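Labels for the chains are A, B, C, D, E, F and G, by order of writing; each one numbers its residues from 1.
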């Protein structure tokens, strides 16, 4: 990760982020932590899809399947 | 894995977790163990799908195919 | 693999296991051996699908394509 | 990355780029940073699809899923 | 590969094997050689599909795309 | 890359090449540079599809997603 | 690659080979060179599909996407 990416994610800890995964899944929640492989932990996560949203609580997401992360304040 | 992710999973050993796999499969069961690659062992696992659920017993899941893990208490 | 996973598989050698592969294939048979990459050998294997089952005999399965392994006694 | 690729991206920082991802997603925005794995940060990003565009703000994109990057001035 | 897998394949050299590849392709032929990545050479290979079979002669198969190998005598 | 591949690509710098990507995308343009992972830079690139072509200008293509490269003079 | 595979490909340099790629593409042409990752160069290549064939000239094929190579004389 570039320093810019790392700084952006660091500043987003505690804030809402949108995470898109390979295969089309999309989650929204509060970023709790991340590492350099983009493994991330999200609190109060909701899976968002065309059919509505579904509450998942806290989730550990495997970095390898992350397409992109977007801070809500970005 | 970040320390937060590791701690979260460590606290979930013995509790119910939801595991989503690449390709759309979804399992629910009691987390028995995990390693840093997200290889996990789940007890009393059920595969959950739109067509209902199917009991699988204990399963060893290959970490590479894990999309996310969500502790039921998360 | 965690020690729990290794022990579980070790105890399943000689017993029936269910193996799910990426792409949807599912096999059932007697576990003969495995290694830490989840490369496995199964005896008296049957490929199980919605259209019925097909006997394959002994098979060597490449670990990279394994989604999960479930001991029948699990 | 070849020096040519690195130089091209370096010159595009601050300018609009088009990014195509595996699975068909396409984003347009201002390149903020990149590293040698093509992990990139884009500002004022929009996801562009046949159904129209959707504003995403700042996004961190995982290099592994990048198909190509095209500077708008290219 | 476990020793069991290696021994099984070693004993199958010169005999007919069934090879399943990612993406659904299936080949049958005489195993000529293999290495620890499951790269294999098959003689008198036939590609078998729902539409019938097609003779391919000798083929070199990339191990990474192998799902499983089954000795006909297994 | 074999020396033959490297030499062929080296001789194609400045000439038109056809690049096929995983997932079916196809681009045509002037090869500007490449490295040993087949990361490539193409000038005056056009994406060619059944629905016609679309000008992309200069593009940086991630080698991992390249299926093949064909020099127009090949 | 096993020695058998290497020898087989070495003997096929200058002869016609059939190459099958992940995703279903199929090419036929004269093998010019290969390396241990199955990166290959083919001369007078034709892409063969259900809709007919298309001349591509010389092509550099990325080994990672190769399913199998079959010498025409195999």
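One rule holds for everything that comes next: contacts are C-beta pairs under 8 Å (C-beta built on N, C-alpha and C of every residue); 3 or more make two chains touch, one makes a residue touch a chain.
The structure presented is a predicted model; accordingly, all values stated were derived computationally and were not measured.
S.K.: Using the touch definition from the top, how many steps at minimum link subunit F to subunit G?
M.R.: The fewest steps needed to get from subunit F to subunit G is 1.
S.K.: Nearest whole angstrom, what separates the Cα centre of subunit B from the Cα centre of subunit G?
M.R.: Comparing mean C-alpha positions, subunit G is 42 Å from subunit B.
S.K.: Measuring centre to centre with CA averages, how many angstrom lie between subunit D and subunit G?
M.R.: Centre-to-centre distance between subunit D and subunit G: 33 Å.
S.K.: Which positions in subunit B touch two or more other chains at once?
M.R.: 22-23, 64
S.K.: Considering touches as defined, can you lay out the ring of chains in sequence, from subunit C by way of subunit E?
M.R.: C, E, G, F, D, A, B
S.K.: Can you tell me which positions in subunit F touch subunit D when the two form their complex?
M.R.: For this pair, the touching residues of subunit F are 21-23, 25, 27, 32-35, 39-41, 43, 45, 56-62, 64-65.
S.K.: Can you list the residues on subunit B that touch subunit A in the complex?
M.R.: That would be residues 1-5, 8-9, 18, 20, 22-24, 38, 63-64, 66-74 of subunit B.
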